[in-house]
Amino acid sequence: MTLVRLLFYVMSFIAIASALYAALSKNLVRSIFIFFVTLFALAGLYVIALADFVAVTQVVIYVGGILVLILFAFMLSGKETLNVIQQQKGKFINMAKVPAVILAVLFLAVIVNIILKADADNLPWVKQAIAQNNEITPANSTIENIGVNLMTTYLLPFEAISVLLLMTLVGAAHLSRKEGSA
Amino acid sequence: MNNAISYTDPSIFCYAILAVALPLFAALINFCLPVKSKAAGWISTLAILVGCVLSAMVFAAVWNQQPQHVQTLWFTIGTTKVFAGILLNNLSVMMLLLVSLIALPVHIYSTAYMKHDDRYSRYFTYLSFFCFSMLGLVVVDSLVLFYAFWELVGFSSYLLIGFWFTKDKAVQANKKAFIMNRIGDIGLLSAIIIIFAKFHTFDIATLFINDNLVFKSVIHDGLWISASGQIPAVWQYVACIGVFMAVAAKSAQFPLHTWLPDAMEGPTSVSALIHAATMVAAGVFLLGRVYPLFTDSELTILGVIGCFTAFMAATIALTQNDLKRVLAYSTISQLGYMILAMGVGAYGSSLFHLATHAFFKCLLFLVAGVVIHEMQHIKEENNLDIDPQNIQYMGGLRKKLPVTFIAAVVGSLALIGIPLTSGYLSKDGILIQAFEWSEGRSAWLKLIPAGALFTSWLTAFYVSRLIVKVFFGEFRLLKKHPEIKLHISDGGWQYRVPLILLAICSLFPLFSLNPFFYEKAWLFESLKPAEFMARENIYHTIIPIGVNILSVFVMYAAYAIYVKRNTFSFPQTGFLYRLSYNQWYLDKIYRKAIVKPILGLGKTCFWFDRNVIDGLIHLIERSSRMVAALTAWSDKHIVDGFLHLMAALVQSIGNFARKFQNGKVQYYLYSMLLIVLILFVLKILI
Amino acid sequence: MNLLTLLIFIPVLFALVIVLLPSSQRGSFKYITLLATLLQLGISIYIYLNFKTGAASAGINHEDQFQFVQKLPWIGLNLGSMGKLQIDYFVGIDGISVTLLVMSALVMVVATLASWEIKSNLKGFFLLFLLLDMAVMGVFCALDFFLFYLFYELMLLPLYFLIGMWGGVRREYAAIKFFLYTLFGSVFMLLVMVGLYLSVNDPATGSHTFNIIQMMNPANYTSGSVFSAAAHQTILGMPARTVGFVVLFIAFAIKVPIVPLHTWLPDAHVEAPTPVSIILAGVLLKIGGYGIIRICLGIFPEIASSGAFWLGLIGVVSILYGACNALAQRDLKRLIAYSSVSHMGFVLLGIASQTAEGVSGAVMQMVSHGFLSSMLFFLVGVVYNRVHDRDIYHFRGLGTQMPQYTAFVMVAFFASLGLPGFSAFVAEAFTLAGTFKSPTVNGLLPYWMAICGSVGILLGAAYFLWTLQRMFFGKVSLKGGEVWKIALTDVSIREKLALIPMAAAALALGLMPSLVFGKINDSVLALIQFLQAK
Amino acid sequence: MHDLLPHISAQLTNVFGSIPYFMPEIYLTVLFLVVLITDLIFGRRSVKLCKIVACAGLLLVLFKDLQQVALILDGDHVIFGSMLLLRRSAVFFKIIIDLLSFILLLNFTWDDRLKAHTKGVSDLYTISIASILGLHLMTMAINLLSVYLAIEMVSVASYLMVAYRSETALSTEAGLKYVLFGAASSAIMLYGISLLYGFSGSLDLLNIVAQLPNVNPLSVSFALVLVLIGVGFKLSFMPMHFWVPDVYQGAPTPVTAYLSTVPKIAAFALLVNVMPLFLFSADWKGIDFSIVLSAIGIITMIAGNFAAVLQNNVKRMLAYSSIGHTGFALMAVVTFNVQGLSSLTYYLAVYALANIGALALASYFNNVVGAEEVEDYKGLGLKYPAASVCFVIILISLTGIPVTAGFTGKLFVFSAVYSAYEQTHSIWLMALMITGALTTVVSLFYYLKIPLYLFLKRTENAEVASERSYNLLVLAIVISFLLVLLGIFPNSILKYL
Amino acid sequence: MITLTDFLLVGALLFCTGIYMIVSKRNSIQVLIGIELMLNAAILNLVAFGKYDKLNNGGQVFALFAIVLAAATTAVALAIILNVYRRYKTIDPDEIKNLRD
């Protein structure tokens, strides 16, 4: 277990550090690329949490889909755009950011506080799940389960999201279209 | 119909009602006539003539008989039934007859006097309306109706004083008269309301005559108690004060007398009827009606005020140069006598004097009317810039106006109270009774009869001065403008007949066959209080003799001063002279002390309305810039101007809410998150 | 067809006719409106003549004693656990409403006659006018609080536009001020109304009800409800019933108006066109007084008694303050507006006294003021139409210039200042009599209030006489010179037609107060009895 | 998989059993596809066709909704596992939503600015149909997943609609603000959901409530607060209202009409579905959300109404006023009783109707004279009397003055709150009512501005534009007529609610 | 043993980083990234708890939906941002403030 534990810490560290870097970086492209790292690290964490299917989806959709989408968007709209967008003014430590930092830290304090208060590991339902063997073990395959669930319990959201995606497609296409072209 | 009355002859009431209503019909008809129609005069005169006859019949039937009372339900308010009816007793029938008797000659006189006026029919409309009000006043039986006619009398007087409404002075005078009367009316209204609240009825008969509820009520331990309950005694005083205010306003007693001299701006015939004989006597009549309301001490105060008024007015009359003003002040003075008489308990003498005074004062005014008319004639004929009423321009008119002169002399002698005139009878009665009354009272109260006595000499002086200046000596206007020609005479029969009629009435035979003993007058005998003492003390002899001898001296003095100019004359700059000439400065004092503050109060209120109640928004706008000022003002805003406060509040809250809307989406996010967080934390902490 | 319903909705029928007529027919609109108002007047007079008097038809708190009643279920909902919602179309009149109804109908006719001066956008004007007419009639007839409120609010909007669109220079300000003031009052009235509704159960059906008559009976309040007298609930620390009374009182007092809630009135009056001024002064102010009698006193009698001193004080302050303000005015219309404040103070004083004389006087004063203020505003309109000026200082000697007009003005002025023979005298005298009687009868008001009130009468004489002297007497001298002289013609036949009924009504009521007192007496007595019984 | 085998058939039965209760949504989905295909096949020229199809389809859906009324007579139905809850209030909300959406769909092409959009309006129909589907789900959602999904569905559709007129700067700006604010809110909400799930181990709200007593109440409260942010974003109550004015102003007017009404109704439906579960759970120990909601309601009313006073842009003003109305509607929510619910339904329906009318007229005046600011309305009252009179009626209804439906709505809300107050004597309820009354007066300040400029201000400009949008005018007249009718006879629909 | 609290803390840190980004970055795309971070924090929570929900897979399925929805939202947001760039030539949210009071 120590390996997993170590892995967890490493992954967590990478995720957080890269997220912080992405947050602090002024360069957009750098920010985007370092966000890749965060996402990968998170995927790793998902694996550690025994959600391999989610991890894969994360990589495919987030990394493959969203980030590439972001990049392509700017690639397509020309180099000039990218330059303008990349340009950032100001110093590393910006007084204007102080309120934002305070807000984030306050939030962190509150969230950490309530997380600790909640005492997640001793929640009754978690204990009950362990007792009833409702816990996913590394031996289990989650994919089958997810598949069945998607077709039964979550059939409705599954179908609904398809409508949503279609709608998004139509809408996003409409917005990105150049004027005048059908 | 109330059948509680033992003896009822319905025709009497019909006559009385008709006598009252005829002038009203005349007024209505005249109102519909074209403004210049000459028929109006005769319609009114006819109405009053018939009224006069009817009044005489009523008088004959009721005089010295049981009071006659008839009433019908007027309306019901709550559980109170308000009746309207007629109450005929000695007092009212006397007044009924007196008023119509005086009004008749004045009507006749007016047909000539107003002949050339543009609004001839209006004049008679108003005059008839006045007669209706006055006659109504004397016969009604309910305090509400009494008040109604009381005000209508004032209103018609207002109309008549301001008859020449393009004259600014006339308009100001009628406004003043009405407002002064209004003050009195408020007093009367208050008194009526107090009496109503106390006795739950407005019926004069019940209150003062038949059951005499008022007399039966007592003041005890600070409470005014009667069978119908009790209220604090102070309201009895207030009621008396109210009645007194009414009396003072109508009968021109100090301090509400100032309107009467000004009221002389109206046509002279009006002055004769209203401001000498009838309306001003209404106050005395009111006192007669509600006499039981007054307690002894209140009557004393009445007497003091009456005496003071008589004295003050007489002193003012000494120096006035306006013919009518002198007469006006003499009227005030004589009214003072009447009030004094009421105060000293000489109820009968007071009313007796009222009656005699009505005749001779009306006469004097009509005389003045003739004189002024002629002076006006001269003025117009010769295009002079003079005041036709100023006695300084007159003199020696006895030759030009013989009838007028004789009438004037009769009237003056009556006014002074020389024997053989009616004035002697009534005035001496008052003086004698005043002295009798002061017997056994404190020394200060002795001043009352003394003052009255002194005033009678003053009267003798100023009346003589007037007569002498107008009728004796030489015509001063002619001296000044020798070129003018005089075409003046006594005028037509419409002038002469009334003068002669009234002059006869001013002599003793109408009232008493004994020219020297007032108590033998039939009018007095019927009105005197039951416990009247026969002549047994010295006053009955001394006073008539003393007064009259001295009066004759005074008259001669006046003659000497103004005609012969062989003795001293007054210093015309002395304090006393100025005090008298300026009518004791009362008008000025009133203007400064009352009118101005009230107008100022009005302006202040309006200023308050505009600037404080209404102008708060502007205030808030400014003060929001100056935080310091805000605190100072906010108190007022919260109290008064919430609307504008709200407007400002809305704006400031709105501005506060808007401040977040700076268009920056991240700022929105930031605010949202921060607010949520703070609320959450606060919620937990609290 | 119920006569009251007919009376209320006749204007709407005629309004529909006007809507449907093309603009080319705009000349006929005023005649249509006149016809509508005359019809209303006819009906109201018929109602008046057929109105039964006697203790058995006193009304006030007995539903079966109201006359010309129509009661139809209107909104009824079953709300499950919350009981049933019951709103009725419930109209009916008792003595207090009937006289006001006739008065309003007459004032409406006069206002229509005054509308001849309106030249622009006739369709809109007459539509709004008729709508207002309907609302006014509805208020006086409604016996269901909801219905009452509906009509009450419905008056606001037409007035807003009538003032705002056809008004004077500062019309926007005046319109908004008027609207905000009144809405402020009525919104809180709504809250109290809802509270009352939830507190009261109709004993017949068991459901909550808006029926005003039911609200007067303490037995109908559910125990423990907010406004139940027995429950002694509080709202924000104050006794709930006191709060309810005060809120309702303020709402109506704004309409009356009382000092210091009166500042909308001079502005609204001054800026409004003449017909609207007439309706405002003649009818709208009465709705405040009527509301206080019918609703404040009816529903919260014990608070009305304990707060009578304050009501009376407000009345006295209004009388004196209004009169003082009137003394300071230069604008004739504003002067009359302030005189209205003063005169309406008597209404409040009379109501506060809770004596038969006082309340009767108050009702009489409302009727009388309805006629007289309409007449006064109409008279101002006459001059204003001719020369578009109302400044008292700009006129002089109108008595010579316009003798008939001056005669009417004098009638109106003297009637207003309480000359006996006219209605105002009877009203004010008995209001004061009632006030003075109050200490001995029920001990609500101190003696001095009556005396202070009578001082108000005195001040009234001062400002009216001053105006007469200043504007009408003296030699002719006009600011506008010859132009004005030509413009200032004497009253026309139409104007006389409008003025004479008013003057005649005021005179008739002064000579025969029983015309009003006879009809209201039983109701007033019932009200007093009801108030004393509490 | 083996673990699940025994359940599969039961699950499938449940799914098939649920379908009869899901007919309107199925029709909507089909409609969505039909419109999409029509759009794709006919391209930009298909606007009319799309509109006809969409509107006709929506009528069909409406018909299906009405059929559902019969289904709920025998009680509530939980369908699709525990995803949705079909109950009385949901059906009525759906009917109202569909009815209003029908009007709004008609309205889309009547606005000249939107119609002139170079890329065509047909895509908008596709998007809005999907959005309506999302709204339907929202009214019934009872599961964290369905709640989230429904909200997202509506949100994404809304982003697209706001930014729809991509050739204008303001529209895209509004879109940007909306999407950033919305995405952030939904991320926060998702975090809250994840915590809720974590604390209870279930997505089913009923299960969650059962589990919560075992968790630290503070933590649960925080999670709930985060979830409320998501709902609050849709409802735009304080402090989630910042986006509203900017977005309403920037969006095409019909879209504003859409955004300010139907999603709000659906979100309220969601709120009344979800909140009582927490509030009335006997074991609930966390924050008292009825007080929180009361406080929010008070602040929202104040913020919305007071800020509106200072606005000059008509749409922006209406945006602020809609915030105020949200606050008022919250008042009905916090009573959490049957009367409150029916008064809320009525109030919302009436508000939505009036708001649509107001924005339709804003469109109208924009079409005929290009008016956007209040000043532009100067003197138009006499030139366009019908439209102006309708505007006045609609604004009166929004203010809540008799005899319009807005008044009855307010009255019912007040009486609902009052009766709740009688039972609880909560000072918050009293404060809510007083604020409600006060802000009604305040609202008059700005609502009155429009009639003021229309009728009271005069202008020298005498020209009358010839072109008129009769469709909008007819719509406005119908709406005003309805408002008055409902004001006089609220019974006609209230008895069903 | 890796506890749930560990996951939650990591999630919390990411979430707060996201919050910092959305309120401070001067670039819409970075704001978007911040939002993604927050979403990922939530997904991490879901996944972590999902471990104890083998039967229903609530957490994991929710995570899947969240990812897909995030993708959809991002696509829409990007389309809008691109349009904004075309109109304003900037994507700094602070600069885009034509709509304001």
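By written order: A, B, C, D and E. Residues from 1 in each chain.
Simple rule for what comes next: a residue touches a chain if its C-beta (ideal position, glycine included) is under 8 Å from a C-beta of that chain, and two chains touch if they have at least 3 such contacts.
Since we're looking at a predicted model, the values are computed, not measured.
Chains making contact with subunit C as well as with subunit E: B, D. The interface with the greater number of C-beta contacts, when B-E is set against A-D, is A-D. In terms of the distance between Cα centroids, subunit A is separated most widely from B. Averaging Cα atoms per chain gives one point for each, and the point farthest from that of subunit E is the centre of B.
Subunit E has its Cα centroid 25 Å from the Cα centroid of subunit D. In terms of their C-alpha centroids, the spacing between subunit A and subunit C amounts to 71 Å. If each chain is reduced to the centroid of its CA atoms, subunit B and subunit D end up 78 Å from each other. For the pair subunit A and subunit E, the distance between C-alpha centroids works out to 7 Å. Residue positions 646, 658, 661, 663, 665-666, 669-670, 673, 680 of subunit B are each in touch with at least two other chains. Across the assembly, subunit C contributes residues 180, 184 that each touch 2 or more other chains.
Contacts with at least two other chains are made by residues 3-4, 145, 149, 152, 156, 159-160, 163, 166, 176-177, 180, 184, 188, 195, 198, 201-202, 218, 222, 245-246, 307, 310, 441, 445 of subunit D. Touching pairs of chains, sorted by label, consist of A-B, A-D, A-E, B-C, B-D, B-E, C-D, D-E.
Residue ranges on subunit E touching subunit B, taken from their complex, read 19, 22-25, 31, 93-94, 96-101.
Put simply, subunit E touches subunit A in their complex at residues 1-10, 12-21, 23-27, 29-30, 32-34, 36-37, 40, 43-44, 47-57, 59-61, 63-65, 67-72, 74-76, 78-83, 85, 89-91. Listed in rising order, the residues of subunit D touching subunit B in the complex are 176-177, 180-181, 184, 188, 218, 221-222, 225, 229, 238-240, 242-243, 245-246, 287, 292, 302-304, 306-310, 441-442, 445. By the touch criterion stated above, subunit B contacts subunit C in their complex at residues 74-80, 144, 147-149, 151-152, 155, 162, 165-168, 171-172, 175, 178-179, 182-183, 186, 189-190, 192-194, 196-197, 229, 231-232, 235, 238, 598-599, 601-607, 609, 613-614, 640, 643, 646.
Residues 658, 661-667, 669-670, 673 of subunit B are the ones touching subunit E in the complex.
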